[in-house]
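Here the chain labels run A, B, C and D in written order, and each chain numbers its own residues starting at 1.
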Amino acid sequence: MLKDTQSERDSRGIAIGQVGIRGLRYPIVVEGRPSVGIFSLGASLAAAERGTHMSRFVESVHAHQNGITPEVLQSMGRQLCRKLKADSAVIRVNFPFFVEKQAPVSGMVGSVDYDVVWEVIATPKSVQFAQEIQVPIGTLCPCSKAISERGAHNQRGHVNVRLETAKPLALGKLIALIEEAASSELYSVLKRPDEKAVTERAYDNPAFVEDVVREVVLRLKKLKGLRSFSVDVENFESIHNHNAYAIVQG
Amino acid sequence: MLKDTQSERDSRGIAIGQVGIRGLRYPIVVEGRPSVGIFSLGASLAAAERGTHMSRFVESVHAHQNGITPEVLQSMGRQLCRKLKADSAVIRVNFPFFVEKQAPVSGMVGSVDYDVVWEVIATPKSVQFAQEIQVPIGTLCPCSKAISERGAHNQRGHVNVRLETAKPLALGKLIALIEEAASSELYSVLKRPDEKAVTERAYDNPAFVEDVVREVVLRLKKLKGLRSFSVDVENFESIHNHNAYAIVQG
Amino acid sequence: MLKDTQSERDSRGIAIGQVGIRGLRYPIVVEGRPSVGIFSLGASLAAAERGTHMSRFVESVHAHQNGITPEVLQSMGRQLCRKLKADSAVIRVNFPFFVEKQAPVSGMVGSVDYDVVWEVIATPKSVQFAQEIQVPIGTLCPCSKAISERGAHNQRGHVNVRLETAKPLALGKLIALIEEAASSELYSVLKRPDEKAVTERAYDNPAFVEDVVREVVLRLKKLKGLRSFSVDVENFESIHNHNAYAIVQG
Amino acid sequence: MLKDTQSERDSRGIAIGQVGIRGLRYPIVVEGRPSVGIFSLGASLAAAERGTHMSRFVESVHAHQNGITPEVLQSMGRQLCRKLKADSAVIRVNFPFFVEKQAPVSGMVGSVDYDVVWEVIATPKSVQFAQEIQVPIGTLCPCSKAISERGAHNQRGHVNVRLETAKPLALGKLIALIEEAASSELYSVLKRPDEKAVTERAYDNPAFVEDVVREVVLRLKKLKGLRSFSVDVENFESIHNHNAYAIVQG
């Protein structure tokens, strides 16, 4: 019988908030479509216990890879609490989500990619769920437009939203809500008439990072069952080698 | 006179917690030694104001680049509050810090690099300072040692500590405190007698991520003026393609 | 009719080797299994032409996303040459590939992830195909073992192989060939009897980066239809904060 | 006396092109100014020798950290050949280089950062030197300008140049040469009159990646003592979530 070092008693008197694994990459199925997830899974450890049993976390992902949903992740979190006799468990999975979009004039179709994180914090009696998404956007500077005789600097930016709602919002709806706040949304395929439309739309809708963050927050506040949010907008300024950002939490 | 779009009134009723710049890389001098810092600087913005004046943040870094200390950063934070009429300002600077170390037997000298973050949160009346450090270490698995007839798997790991103390702890002391908790500290130059000493020391001091995080916490709790800490230990397991981690906050 | 700036004449007299797009992330199917690819696609541009038509590259990926194979990529490369009237086209796609592995004693199953690149260089008359793979491994230092009374430092490493063969080698075979050269292969799920076996196997098979690179080369040289190879082994040393590497090309 | 495993004979018959260390971060002084370098150093290894002596590489960096110049690196390369009895040695060092720039109207001063690589390939009898630089720029799309009634999409981009000349070109001259080819160079501090000037300048100088790469090549071809070059321009398109690129080598 091999010694079980992890199950030894620990006399240092320090409980561990989270212990587990990170960076486990697995093929997954999300909302019926395949993707690739990077998992982090952990559980609390009582002060008197020396170590956790790390292989349980991998087993949990392996067992559920064919259908990762917010509900499945919540169930995985509760199971980990039970199996590891832990007060709490945390699961995070980061995966790319794809939306097929039509170009605004030609109607041509291409997929745009979004990074999503789903996070579960479970206890034996309760479970919290949050989603995070990174939406790439285009922004055109209102100051540059107002002071320049021609043109206006614009750039790619990222809107990073973390959201807790009573019922998880569908990713497609969350993306659409965020893209409305930009000078323009982004596309994978654009023909010349599309490029003209996107250029003019952005010029007609200038927005600072301050404007984008506020417009996203206005829309999030209208969501039913909203519990909390954090919005972080970052612009890869085309006139500087550093970025502009704005954050609102609520 | 050019229009000042940023100074327009905003009627959306949403105050912004932080708005500013990120990713500004600058040559700096820290504790008398040159380094390279990556700055993030932001300030709050009242609900009624449309935008902040981003160039002020760069000017602040440019003016103080020749002597970045915890005290200077705190003074920069207070100045930003005044100049931008902001309720709060946040400054973070990330820089590599180097320690010249002697190999344990040969005494040969080489520099080891550590990533440090200094963070200031200032209001017109108060200022908080926190430091974060990433210390690379070696860990040897107690379970692998206990169950195997020969050898034991070991690997590089990172200890990430965030620390608030009444007076900032010197970086060299913080590093030494953390390295004591590892199976072995790391070196840049090792001759064969040094490699033998480091190998045997690690074998004699096996430690799980759970052990390392607890040993660091025990040492931090003894610090005078301790306000808060967070310790995150991550091992790049040599038997898996994913990592093990443990977190304790207090 | 919108102006076609890309189709203007260029009088600077400089032909462009490659022009196209990078960083296009798309859901793909590889060898019947879903994955996520990051594409780079480009084509040559004659000295007299001002620009290429970038949307063609996205259309090509969109049309073939449901079955990416070496053969399909080669056909895509030839098509791009024709459609863009280009002398050559280059396609690279980077994707994670997963192998279900059994732990050596318990037989438990978990997926291990490998980064793969498939690259095509096409002309109207010919097409070259190369594959690149990154295989994570464990290595145990022969010097540390030889000089130490107990233990030996070991660590995770990466073997990066680029390979051109007359017929593309199946990824599973390439991975197995490379893993044989390590002190030990890696696993996602290991129970204690497995961990004992892996620890002892690594201790019994010490290998420098120099040894691993040579063992991989010996195996590649026996492949039928071998055209060229490059092998780069990198160890994340557990006694240093820098890495060791070795490269052989042939 | 400890066993010297590296000095054992090897019977596998495979010479190693390069073996050494990577990712060694060190404080350095370049052109009289402090910076932080990340070093890679390697040497060839004859088929009959089992291993190289890795600590020599660190010692070489440690000894020369106070004055890294192209000449010093070349001398380090020749020394490594001699000390390791190697047919060739390769050194690469990657470091940020800072240029103080005046804003175009206000004259305000701020530093802009550029990533530089210096590379030496040495044999006992000869030495080659190459420099690589990444210059961030702004580009404005000629097609978008031509077809749109107002505005034009623009974005940050990177020009990556690799250059071999008989005598190393001063970094400041190389940067200026590259920035001339962009729609606009970038700045760290811009006041409103500067932002107006930069916006209008970019609008008046639209450039595809194809244009930028050709303009850089035209200027490089005029350099005295030119041996070889590679130019890679990449735009972080503000209308797509992928990038455009163009490469010319000569």
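The criterion applied here is as follows: a residue touches a chain if its C-beta (ideal position, glycine included) is under 8 Å from a C-beta of that chain, and two chains touch if they have at least 3 such contacts.
Quick caveat, the model's predicted, so the values are computed rather than measured.
Of all chains present, which has the mean Cα position farthest from that of subunit B?
So the farthest one, by centre of C-alpha atoms, is C.
Given that subunit B and subunit C are copies and touch, would you call their interface same or different according to whether over half of its residue numbers are shared?
Same, since most residue numbers here occur in both copies.
Between B-D and A-D, flag the pair that has more C-beta pairs in contact.
A-D is joined by more C-beta pairs in contact.
Determine the centre-to-centre distance between subunit C and subunit D, using the mean Cα coordinates as centres, and give it in whole Å.
Averaging C-alpha atoms per chain gives centres 24 Å apart.
From the mean C-alpha coordinate of subunit A to that of subunit D, what's the distance rounded to whole Å?
So the centre of subunit A lies 34 Å away from the centre of subunit D.
Per the centroid of Cα atoms for each chain, what is the distance between subunit B and subunit D, given in Å?
Whole-Å distance between the two chain centres: 28.
Residues of subunit D that touch two or more other chains: which are they?
Touching at least two other chains: 2, 4, 24-25, 58, 113, 143, 147, 188, 190, 192, 196, 240-242.
Quick one: which bits of subunit A touch subunit D in the complex? Just the residue numbers, please.
These residues of subunit A touch subunit D: 112-113, 136, 138, 140-141, 143-145, 147-156, 184, 186-188, 190, 192, 195-196, 198-200, 202-204, 236-242.
Spell out the part of subunit A that touches subunit B in their complex, as residue ranges.
2-6, 10, 12, 14-25, 40, 42, 45, 50-52, 54, 58, 142-143, 146-147, 208-211, 213-215, 217-218, 234, 240-249
Provide the residue numbers of subunit B that touch subunit D in the complex, in ascending order.
That would be residues 2, 4, 24-27, 33-36, 55, 58-59, 62, 65, 96, 98, 108-111, 113, 188-193, 196 of subunit B.
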